[in-house]
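Here the chain labels run A, B, C, D and E in written order, and each chain numbers its own residues starting at 1.
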Amino acid sequence: MLFIELFIQGLIQGSTYAIIAVGLTLIYGLLRVLHVAHAGLFTLAAYLGVTVTNQFGSLSLGIVVATLTSGIVGVVIYRLVYEPILNKPPYVALIASIGLYIAMEELFRLIFGPFGLSFSSAPLQNVVVIFGIHLRACQIITVITNVVLLGILAWIAQKTRVGIGWRATVDDPEMSASFGIDPIRVRYLVFFVGSALAAVAGVLVALLTNLVEPTMGAVPSYKSLAIIVLGGLGNVFGTLIASLALGVIEAFGTIYIGDFLDRDAIAFAFLVVVLMIKPTGLFKSR
Amino acid sequence: MMLKISNFCCGYGNMQVVNHLDLEVKKGSVTGILGANGAGKSSLIMAIAGHVEIKNGSIVYNGEDITSCTPMERVSRGIALVPEGRRLFKSMSVYENLIIGGYITRKKDSQTNMEKVFDIFPILGERIRQNAGSLSGGEQQMLAIGRALMTDPKVLMVDELSLGLMPKAIDICYEVIEKLNSLDMTIMLVEQSTKRALQASDNVIVFESGNTVWKGSSNEAKKSSEIIDSMLGLRNH
Amino acid sequence: MKKMMLIATLCFVVAGLGTGWADDTIKIGLHVPLTGFAASDGKSSTFGAELAVKQINEAGGVLDKKLELVIYDDQANPSQSIPVANKLIGQDRVVVGVSGSYSGPTRSAAGVFQEAQIPYLSAYAIHPDITRAGNYVFRTSFLGEVQGRAGAKLIGEIMDKKRVIMITLKNDFGKSLAAGFKEKAADFGITIVNEYEYSMKDRQFGAIVAKVKADNPEAIYASGYYFTAGPLISELRASGVNAPVIGQEGYDGSKFIEIAGKAAEGVIITTSLDRDSKVPETANYIAEFEKLAGYPADMVSASVHTAVKIAAQAMENAKSTDPVKIRDAISRISMKASTGTIEFNALGEVQKNVQNQIVRDGKWHHHSVIDDPELLAPPEK
Amino acid sequence: MAAILSAEAVTVRFGGITALKDVSFEVKQGEFLSLIGPNGAGKTTLLKTITGIVKPANASIKINDREITKLPTHSRIRLGLALTHQIVSPFKSMTVLQNVMFAAGYKKVRNIGLSILNFSRSSEKKDAMAFLEMVDIAQYKNFPVSTMPLGILKRLEVARALAIKPKILLLDEPLAGLNSQEASRLADTIKLISQNGMTTVMIEHNLSEVLRISDRLYVLDNGKYLASGNPKEVMKQPEVRTAYLGS
Amino acid sequence: MGPYEISLATGVGIYVILAVSLNLITGYCGQISLGHAAFFGIGAYTVALLSKLGWPMYLTLAAGLSSAGIIGVIIGLTSLRVKEDFLAIVTMGVAFLFVGIVRQQEFFGGEMGISGIPSHGMTKFAYLCFVLVFAMLSILFSWYVKKAWIGFAFDAVADDEGTARTLGLDIKSYKLTAFAMGTSMAGLAGGLYAYYTRFIVPETFGFIESITILSMVAVGGIGSTFGVVFATVLLVMMPEVFRFINDYKLLLYGALLFGVMRFKPEGLSGFYTLLTGNKEK
């Protein structure tokens, strides 16, 4: 029973990782940029979600505003930050992104204050008991959202013309451009979708913890980098599996090996070992 | 006249690969482009498709100057390319490759075109869900041609049709070229196999180091030893 | 290269400007984390200190001079606090230093103040080695261990719960609380069923909660700050764990209740600020703070408030701003402040009663007091 | 004369594709051998196997009868191989001269200790200038390579390879991308180097230049040996003509 | 100089050593590292533990230098297997592992860190000079490496490994040497830091610190020693200069980092080139 509960808790944690990391890996797959500021959009969305919900009393409105705004800000970041430095050495974009993330974190603190925000009455906290396991609605919704969003994403990528064009651009931008797929539009799309995913994750985490702080993006900012490497950079399916696996490993690790390594170290020990054995990650990189 | 190329130079960066070329391609004809490796054959058709920088001269297509058009605009006007090495989207299925080929056409046209492609290459219809990367060499070449046909092009340019293929697959591909030609499609072939090229084309042009060394009808070409010598590097000896 | 040297020198000069000499005020130096992860505590610290200075100046200042605060940010980073301490001493010529920051930066700044022989008061940092930096260093709050011991008494004796789970925050605060708790647990008949650790960055505790539920304890001793304890207690309650949770001063503040909502009801903490206090110093402080800051008082701000008040009182007692005299006056002080009656032992540690607070109807209220002098005795060296 | 370089039974597979199948060849001291064959014949793969960049499924490669198959690339190079790249790969952060100077200092970077202790670059500079003059690009010495046209870079590749004073020079399409005058000039330079005693193995598609300057041809087709011998005679062999002209 | 300037300058000196040492690995040899602070920490912890056992300062510093160097070579082995983005993330993992392990071990003082590190026995000013001597030495060493053939070889490795290999260069030993040099210098800096603060905690040597060091290198201009030194002085001083705007300090820092990379990716040494017209290499 405990094992099942730990496993479920791991999946919940892993689902939040997955939603953030998938957006990041989409961006990496297309542009080879380690987009640390992605975690800044995650925080932005959490703030917007809470503020709008508290103001207008509607969580759905909060989610919509958060998702759209973060998506647009993501596109703007691409246009103003990454596009001009795409052909520079990879560390340039990485450090620019880190700088941007630090600045965003500070802006959030200056605008929203250092104490963090909470929902004035947190939605989706009602407890559901399934086979003796107590779960909050927001926990169940996190897992469902993960499945649904990634399902929709997979459907778009596999079944729609837009998705096929997008994957073609990842494969061979020059050829796909010659068939009329505008690579710039694909980049905008990927940044919008990736950032919107981060936004959903931000609101979900806000619901799970009822606390939105300026520094809440710190853990996702580096842990999702580890995840996308484990999942094979650019590989969406691998990223999903790596996220869930890491969530579960952390859940068990916290209880059974917490004395040796803390949660972050568990993730990175796992990463270093995997990369030493298989330098390209668990799954094939694209 | 389908294509009229005059005083044409192209290249990469500050390297010029094709020098002062003049070429006219008649509607419904097959033009073979011959020459040793590195002579500039591929660069020529890549430049016509818009992938290589044009340094000088002009390309007039169907009476319209397309020298400064983007690759996509050329595709939409009916110039299709089967690039060297095929450059399929290998992690994607046959179906998806074809969809991309017809990306700029309307969805309905895309459907009819795809059916046409399956008529020409039934094997692709059978492998519709398979990944392009897992096809055999011959099938990949068919898919590359099929993908180019998805826009219903008027001019089809094929780079190194027979490269790396089994003889039987080459035969099939050439049959398709003939068939397409019989449907009034204009075709340009870059081909290493001189014999094949001479059989399949109406006219040939022969390159050496970016310069045109011979131009004329295939029938004349078959009699000329110059072409063979040029291909074998024996011309100056 | 020459150019660069020039620019570097310029930077030094610019850094030097902006600090002048002023003799009509007495300066107290304060370092707090204004940026970084601890920024919220830095903010409360600042309000606490500002309130103290405002109250003192309104009452006529110290030695007929106005008190002036010099505040610098240390990012809660031990390397940052060393130049800050040096700047407060060397440039701003403060007569007393106050730390409104965490253990790391406080411990490294303590060495600097000790070496410069300027009195230094740590408001709420709990690292045991801080006061061991020397005889110029004092602490106005409990040691982590002391509070841990009080927690053991609260659970084992006052609440009479014996099967306890510990959930420990992995930092100096959590670890020293845990050490104190474990030290005395057996004395109060407590069996520690299990101990789980989490890190400062964790906000989701599903795994620990699942395990705690399986352990089925009578009480839970959970160390942490409001930003970890809020989500932790929500999750505990949501998963159906109803055992009482006992926390410490890290929870202290209204933000904890805001985050945990209904789940906060019944949580008890050991702290130094009694919300229902009838003592005028404390009651007055609680009222004044909310007026100034716009949010209810918390332990952090009260501790800094206390530290500044003590510094001022010591100067009055010494009738001088001479560091040696102030130091002596601090060591002899006995004063009622917002966090209780403050007296220091030979090491510079404070001994005072532990206030247990409980959440009722969304507010902190008095629960009980621990005043066992032996249990609360801080180390003497 | 004995073979200075020999490769026996070289088989290379990439994934499921056999790029080279049981190919054997040898080069004699001072010989100028050209490797030719249609696209995809496996010529570059063969050179890369000799230099150890590609790991063969099976092979025995010897320099002066010394087995080198198991050695890492840099050790093979130190035994006297030098390679120019099909796609020019100069050190982009350096000038033309620095590229060659670095190669000319090969002895000083043999191991870490030497590389730390050695400071002076003057003799390498002199050597490098000599090589730049040999390939006729001395006047570009101080230009960063990023501004140089392909013709210069192709020559730079040759000069840099010579600078490590090899016994055997392996050239991978040195003339590709050059116009006919440039190609013919560089071919002359290469011929001259070879005539001065350098053993040379060249992959080249420009057959007229190949025929002009090679001592011997070795033809590969589809990863297999096809023919070898005197250039003009080889080109008359029907199977070679078929390979080039198609069946 | 007052105590404030002295302590500030001592900090600058330590960071100069750190930045210059990372520049050897990342700037010269092209191996990106997001975990440099771990070696800083290894040096600091070695020195802290040994000095408390009563070892004399010169021995503890030597031990700090070598322990960081040895572990650095082991970590350097990863650079032989993984490259670029993968290497960046593996080294980031190293940063987290170091802190993760140290904070769990009572032997290393756990969360409480190590306090009571014996004094260096000098006046503050003498210690500043001591640190600055090491900082100067590391700048000189770095300059020497650049000018010697080893620096030339590093250039080649950073530029194009494959080509360097086909010129007979033993890539592996050069990469490992770069890691050995850079990490042992970081270890020395750690030792000097331990004597400077006389109190260390794990968090000081975490990922954020690694990023701070990398920023100094990147802002200065990867590979340019003087640019890096200049950027280090600038970035360490900046928070001090801007202390009066306490609240906006980190915001400015982030914006500077971002701005330099976005608008001047070659770093501040690019401005230097622009100003003087000669190319510092």
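Convention: contacts are C-beta pairs under 8 Å (C-beta built on N, C-alpha and C of every residue); 3 or more make two chains touch, one makes a residue touch a chain.
Note that the structure is a prediction, hence the values are computed from the model and not measured.
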item: Assembly fragments, chain B aside and the remaining chains unmoved; value: one piece
item: Least step count from chain A to chain C, where 1 means the two chains touch; value: 1
item: Chains touching both chain A and chain D, listed by label; value: B, E
item: Chain of greatest Cα-centre distance to chain B; value: C
item: B-D compared against A-E, more contacting pairs; value: A-E
item: Separation of chain C from chain E, taking each centre as the mean of its C-alpha atoms, in whole Å; value: 34
item: Inter-centroid spacing, chain E versus chain D (mean Cα positions, whole Å); value: 42
item: Interchain centroid distance [CA atoms averaged], chain B/chain E, Å; value: 56
item: Chain centre separation (chain A, chain B; CA means) in Å; value: 44
item: Set of chain E residues in contact with two or more other chains; value: 103-104, 247, 250
item: Two or more partner chains touched - positions in chain A; value: 106, 259, 262, 264
item: Full enumeration of touching chain pairs; value: A-B, A-C, A-E, B-D, C-E, D-E
item: Contact footprint of chain B on chain A as seen in their complex; value: 161, 164-165, 167-168, 171-172, 174-181, 286
item: Touching residues on chain B, where the partner in the complex is chain D; value: 13-17, 19, 36-38, 160, 162-164, 167, 191-197, 208-211, 228, 231-237
item: Residue ranges of chain A in contact with chain E within the complex; value: 28, 32, 34, 81, 84-85, 88-107, 110, 222, 225-226, 229, 233, 259-262, 264-269, 271-272, 275-276, 279-281
item: Residue ranges of chain D in contact with chain E within the complex; value: 51, 53, 72-75, 77-78, 82-83, 85, 89-94, 98, 101-103, 105-106, 108-112, 114-119, 121, 160, 164
item: Chain A-facing residues of chain E, complex; value: 26, 32, 78, 81-82, 84-86, 88-90, 92-94, 96-97, 99-101, 103-104, 207, 211, 214-215, 218, 222, 247-248, 250-251, 253-262, 265
